[in-house]
């Protein structure tokens, strides 16, 4: 009953098989492998973006920091939410990679509205040499609280950004989960909605460790390549990244895995919904659930071996009546049985 | 007949098997996996260094840049050779990671003498606020020209560095090949010879992509962890790095692979030695050969499908009599047959 | 009637005379001038801090950014208020100098309470490699809204910081104005209140351009010197900085000028107090006044030639009844007549 | 008899008078002062460059580091000589400001030939993501050894740079001295010779501390302004920089001062020329002399109170017969009498 994170789960067998298959004889290094050509073509096709430039890195933080450093000048501020991964979980990798960008927080949680973004941008007057200059907007889809921006919300946000001539980056660490949640095409959720660059996560959805950075406008491709190398993020035996990503995008594996993970989370949410003293801190829309649990429930679950993160409070803090905020992430590999058992224990 | 680089070869079956074995169920992320504990213990034991701190990253450039950034202040200069990988092949990753270090070049090729190092250090007067401040010394073992520092040479170099209170880093991208060449223990080639920190390469010797950074003095361990995370080099599904490194250090795989690669290179060198117009630009001591080849020889080899790098000149440059400088790297996976065939073609 | 800023006023005659006096013959460069020795001694005496290290730079932003970069690691966050000069007016100089620090905003305006600081610090869990690490606390005295921390408030804030083992920096661009407002000694407002490092502003209070950075703990003196030089902030003809600062601290010029400026602001505040539709956005305590003015008043003042900044709104924005937020800064050189005239016009 | 440096001399009376004149009443801050407009116009006229963008900073290192950071990407290498001030005297300010540029050294001393530059550029293959990318060329005029590039030499160098599509920066800390040495116009020595950006030094030639950065192509003006502010190099009371530079460029003061300084150095060189055991390490062409002096001569001069720098050796080092390398810089304020007295003492 492990709901700690989708980065604690195993890689999908199809991905591992692809890595094994790729391990034959010699292959050109540093991304010149034939598998990478196939990855690029596959992504252009899936995203209906024949001009897109595609690069692979091994961690989500690398994808975020490199993409943003290519989109921002060091004297600019990046607009994101307070709960954005780039703000709360990357030990200032964006600041390091960009050479000193600031983050300006818009909204008060995991989602940003067009109004909040507009106010945040307007908060930094344009053309004033003394202040932070306006930089890219960064959105996370699925958000860090497990919610999903609708296509309309995305369009409204990118419209505000583009009205200020600012590019928009999407942190898509759980991109496939969002796709499934919205049941739309990759193109609809990205360039058709005004997204300029994207990280397409593989690691949290069945890969060993691979993320694609996609620029819909190819102008900065060479700069990105230099930044990736300078950041020590260019793999010599690159074929093992390519093989993962290609398998991930083959036979709809990415969407199959995401669909499974989302379905598991829905089952879990359904089971928790009726329980006394339990409520959702954010509407479950993809594969993460933020629930407030009674302390007794938490104790039972922990004793039964369930693993998940607590975001506020702890058993030995506060008074005994206050509920605890728990994050439960459903990896694609979690079984229905485990979820049902979790619910049984939670019921008490 | 692929001699392009040891990063073009495949991963060893034992390494891949370990990755597959590690792919069971859930595991704690970010290095808290049990395999990492085993890696740490294994390295401490192999290096006879019970206090050593060990970290894994996925590229050699990351290992170099992170280690140096932990050892140097941004206003210092790192002493290395002109041909050092950190100077010639990393697109200024060390400068980026350190926040602006300079590299001061000592020696005129791939190896540094104690005298050259001393002169380079003395070239920057101590205690003068206007000049670059003296920083760490970086040595590559095996060097970028395929040569190996003897234990005596290492001791003489580290003595000079330590006399100036400067730490010494060893870029051990081909550490196992050097160990085999010197037939010594890991301890002898590192802390007993005055090395303060080391990157222990796995990628070029049968892994998919993993390098260990080892600090013999654990003082900077936490700083390194922060730097690794901030640099987006901390893997979430870290177990796949751990598994590789553990397999690599199990049953002497690292030394077996290196011994094979070195033996292949010796066979290649032996075969080339007698050929007319052919000479070695550097004494072959490990698994890389730098040979000057007649243009006709190069043409025959290329037409026969041999792959390797040219370091100076090209077929269509210069006059037809000048030999070409070729680098031939023997991966552990290259067969004796391929080498013999290469020699046959070279003989003409 | 110029209230735009205290950096628009002239230098005091005594300062200019000292610069002229210093312009005799040859003098050692880069801070080895005898006048700098006198500055250092004078500051140690005035601050009752015989061990303090003292350095001069020419801009307040340089003082802030250099001091903070010496106190913070690049993966740390600096705690400051939303209206802190380092957050709103330095085009990310702190981020640049520190190599990528974040700013965490505590409080909702220009002042921080001990509670708000504690909550902000606790917001970044200690010992977690994924998050921003806790760094120095930066306070501005006089604040950017013209208010002054009492000695008790300072002590409470530094107690919170020190309880978390975090150092405290004071941006003292208007240090002398605060000293006069509190009528205390330099020691009381700094190291006795728990301040670890300070910028002592001269530029806004009668100098041409000079600020002293003072470290009460001399441990980081050499690092600061290297950082200052590397930042291109070490003056070759340093005597002209020394002469300014020495004159500034001679015969109480710094306190005399500040007393005058504060008195002018008090006179201005007194005159504005009774006017219909006029109110103070922050309690005037030193030499800056933030007042909400009726639009008609603002129009009369502007037409009469008064100069000051508008912080929110503008004549052509919003509806005609909303007051405007104006900042009026009293330079030491503004006359009582000008203030009285300003009040006359404001009265209408 | 002070020949330590032209940054040890006083400011010219005309410059100081201008600063005093500027100290009247209120003036807009941060470069919006009317004097700055006059400076800009004056420089455009003197340089016959009506489109040029002009900015003032207070130190030569700031001018160099800011200009280069505007011309180079962080993954590029700057081509300069081993003795370039940016390589030997700025504590890695260029590396800091550029975000990690490397310096590639061309030539073996203070001057670069077109051939040496071409070889250095070709040493970094274009379009290879693994290596340092080619960046701007930086020339110092007058060089750090007191020599002057002829207009033909400059044209040959800039032709090589431009053939590789690289911009050329001139460190003109002693620009006026070079102008006088070549007896040419500012335009001839800069944009007509292919120079793209220039620092025009004032500090070493009679100012208190001011340098102009001039871009002949205005495209990067706004970026430079942001970089200057972010680097804490934008002065609030900017009028004191403007006033210095305007006086410096009025009534030919810059050329008069330089002419005097050069003439003094010529007189000194003439006096030294005949002395036994004395020779020039570099041909004296402007206001700096590098001479090898017998140890006895040095001792006599020192005892008589002469001040100058030793660049190699010291009285208590080496054997007693080896001459010492002395640098003698003639400030515009040094008198003929002092020079004659120096020669008398040197004669013994």
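Note that the chains are named A, B, C and D in the order they appear, and that numbering of residues resets to 1 at the start of each chain.
By definition in this document, contacts are C-beta pairs under 8 Å (C-beta built on N, C-alpha and C of every residue); 3 or more make two chains touch, one makes a residue touch a chain.
Composition by chain, UniProt nomenclature: A, B, C, D = Threonine aldolase.
In this text the structure is predicted, and so the values were computed from the model without any measurement.
A.B. asks: Out of curiosity, which chains are bumping into both chain C and chain D?
C.D. replies: A, B
A.B. asks: Go through A-B and B-C and name the pair with more C-beta contacts between its chains.
C.D. replies: A-B
A.B. asks: Averaged over CA atoms, how far is the centre of chain B from the centre of chain D? Could you give it in whole Å?
C.D. replies: 42
A.B. asks: Could you grab the centroid distance between chain B and chain C? Build each centroid from C-alpha atoms only and quote it in angstrom.
C.D. replies: 51
A.B. asks: Taking the mean of the CA coordinates per chain, how far is chain A from chain B in Å?
C.D. replies: Centre-to-centre distance between chain A and chain B: 34 Å.
A.B. asks: Considering chain C alone, which of its residues make contact with at least two other chains?
C.D. replies: 74-75, 90-92, 96, 99-100, 129-130, 133, 226, 229-230, 234
A.B. asks: Using the touch definition from the top, list the residues of chain C that touch chain B in their complex.
C.D. replies: Contact set of chain C toward chain B: 30, 73-75, 99-100, 129-130, 133, 223, 225-227, 229-230, 234.
A.B. asks: Residue numbers of chain A touching chain C in their complex, please.
C.D. replies: 74-75, 77, 88-92, 95-96, 98-103, 129-133
A.B. asks: Taking the complex as given, what residues does chain A use to touch chain B?
C.D. replies: It is residues 2, 4-5, 7-11, 16, 19-20, 23-29, 57-62, 64-66, 90-93, 96-97, 203-204, 208-209, 226, 229-237, 240, 307, 331, 333 of chain A that touch chain B.
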